[in-house]
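Following are the structures in question.
The following pair of complexes shares a single chain, chain A, combined with chain B in the former and chain C in the latter.
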Partner chain A sequence: MANLGAPGKTASDITDELPTFNVENMQNNAKIIYYSRTFMSIIGGVIAGILGFTGLTGFIFYFLVMAITSVGLAAKAGFSVHSYFDGWNRIILDGFLGGLLSFVLFWTFAYDLVHIF
Partner chain B sequence: MGAGFVVGVLGVLILSHAAYSTIQYRSLLKITDEQFSGPPINVVMELIAGLVLCMWAALTVPGNFLSILPHSDENRVVALPSNLDFMIFNHRGKAFPLSIDAK
Partner chain C sequence: MAEDLVLDTAIRDWVLIPLSVVMVLIGILRYFVSKLMRSSNQAPDPKMVKEGQVIIRARNLRAAANYIPAKSFRARRVYFSNEENGLLYVPKGQAQNAQAQMFSDPNMAMDMMKKNLSMIIPQTLTFAWVNFFFSGFVAAKIPFPLTQRFRSMLQNGIDLSTVDVSYVSSRSWYFLNLFGLRGLFSLILGEENATDDTQRMMQMSGFGFDPTKSLGAEKDSLDIFQHEWALPKFEQRAEAVLKKLVS
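Coming up: the complex of A and B.
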């Protein structure tokens, strides 16, 4: 009985105790989430700078933008998360804080542009 | 890919126009010597429109989600090893009747 050797695939005769996934597509989906969140962090930073948020309000705005992005990503997956990811945590929590530094950078940049110079 | 990109560029243009409007509003406030409490309502509307457009671009431009289930319909192609050294063509398979298995 030949093992096909492709990533994540097993011969269907063997009862697999572990669920196997197509790893290449998992990485593709994770990459899409990362790009979407990074872009939305930057846009959120620019908007927070234009609106003139200072201090805690800006961070609350960042979490709001990230929450909206999570809902958008769940809608993009058609809310049937289990055929694209291995859990709800991936789509909701993954990369939540990764865009924070980009957000702060563009927030200060836009704030300086609009309100100081 | 093309349409989503254009929508994203449009969203960024709307945001930069809103930034420019806010700069002009602030210089107007400096003339009348008031405090900046928030941008005018049309700038806020522009920012919401720009946010919606950029959100749509952020969700459509990077690409579609691909299914990760191994037995789904679009994952049917099996990745066979393409190493030419181990392929043998001169075997007993040519004695079997030809059966084409097409789904």
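Coming up: the complex of A and C.
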């Protein structure tokens, strides 16, 4: 699903190591990160609910899922993060807490359906 | 204290799932309704459009300034910001009052009201609906423990102090849906989804938006911009490439 745009950095060696960015591609890549994270947090919530995690375990599971997403995104970028994003921060931290509410919702939903009723 | 409350499966079938489905459907409906309302009106004021385009051009110049020689940059800057007929220069006294402009254009206020209504009405209605039909019983259990402080908020309508706080009433399930579904909406409705409340707030604060003020701001930032030529070895490189081609 995640088609990363053309490299954000275009031919840095020509312009004396000055990084040049294509803003549109950057935004597109950031959007893809956001979508992937939201998607993963929803799926992760359902999985956590079905497996019946409670309390701290569930939140640890959320961080695990987010870490896996980060690794997946880095792999999608061919581990040459700097040609697609402006640093590791973006790929690791962006939208990290944004998916938490969605995660909690779907976690509760699946947990209630499977384990409570 | 009872470890596990046994909840009736009818609650799941008639409260939990319907509530979520209704929330999702209302969100989608709201998206399309606000889209319909938005697209129906107005040709924008040509002067406003013109000023907006000028600002965009100035911003582009500022963003790409380092890729043109200093002389060219200076020439372009003068074109935008000189005090006589620069595009960004606004003579004193011509700046119109934003407040007055707002009142002279009832369409704008109307638009705002429509937007707000399309947000508030469904929420109020859903909340009233949930309160009316689904209050007074435990509807769900959240899978993580909470402190006693949350009791009054989450167990509204359940007057039992011994029930564990993680058992919540339908009202809290409603709120959980309200906030948690935002991510889902952005996935299924795409980018500009109308349920994004924070964006709505931004728009509201930018309501008394004054184009002359932004022209002035853009002029100032263009004036203080430091030009730094990004391609100093450009000519040597071109020379080398051409030499290689010729020889």
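We adopt the following convention: the second predicted complex is superposed on the first by the 97 of 117 C-alpha atoms of A that agree within 3 Å, B and C clash if a C-alpha of one lies under 4 Å from a C-alpha of the other, contacts with A are read in each partner's own complex, and residues count from 1 in each chain.
We adopt the following convention: a residue touches a chain if its C-beta (ideal position, glycine included) is under 8 Å from a C-beta of that chain, and two chains touch if they have at least 3 such contacts.
Here the structure is a predicted model, which means the values were calculated and not measured.
Could you tell me if A:Y35 is touching chain B, chain C, both of them or neither one (first, second, both, neither)?
Both chain B and chain C are touched by A:Y35.
Now for A:D112: first (chain B), second (chain C), both, or neither, which partner does it touch?
Second partner only, chain C.
Based on the superposed arrangement, let me know which partner A:I68 touches: chain B (first), chain C (second), both, or neither?
In the superposition, A:I68 contacts chain B only.
For A:A77, using the defined touch cut-off, is the partner it touches chain B, chain C, both, or neither? Pick first, second, both or neither.
So A:A77 only meets chain B here.
Please work out whether A:I92 is in contact with chain B alone, chain C alone, both, or neither, and reply first, second, both or neither.
neither
For A:F53, is the partner it touches chain B (first), chain C (second), both, or none of the two (neither)?
After superposing on A, A:F53 lies in contact with chain C but is clear of chain B.
Residue overlap on chain A between the chain B contact set and the chain C contact set?
31, 35, 39, 52, 113
Can you list the residues on chain B that touch chain A in the complex?
8, 11-12, 15, 18-19, 22-23, 26, 36, 38-39, 43-44, 47, 50-51, 54-55, 57-59, 61-70, 72, 75, 78-81
How about chain C: which of its residues touch chain A in the complex?
7-9, 11-12, 16, 20, 66, 140-145, 173, 176-177, 179-184, 186-187, 191, 230-233, 237
Show which residues of chain A lie in contact with chain B when the two form their complex.
Residues in contact with chain B: 4-9, 20-22, 25-26, 28-29, 31-32, 35-36, 39-40, 43-44, 46-47, 50-52, 68-69, 72-73, 75-77, 83-86, 110, 113-115.
In the complex of these two chains, what residues of chain A are touching chain C?
Touching chain C: residues 14-16, 18, 31, 34-35, 38-39, 41-42, 48-49, 52-56, 58-59, 98-99, 101-102, 104-109, 111-113, 116-117 of chain A.
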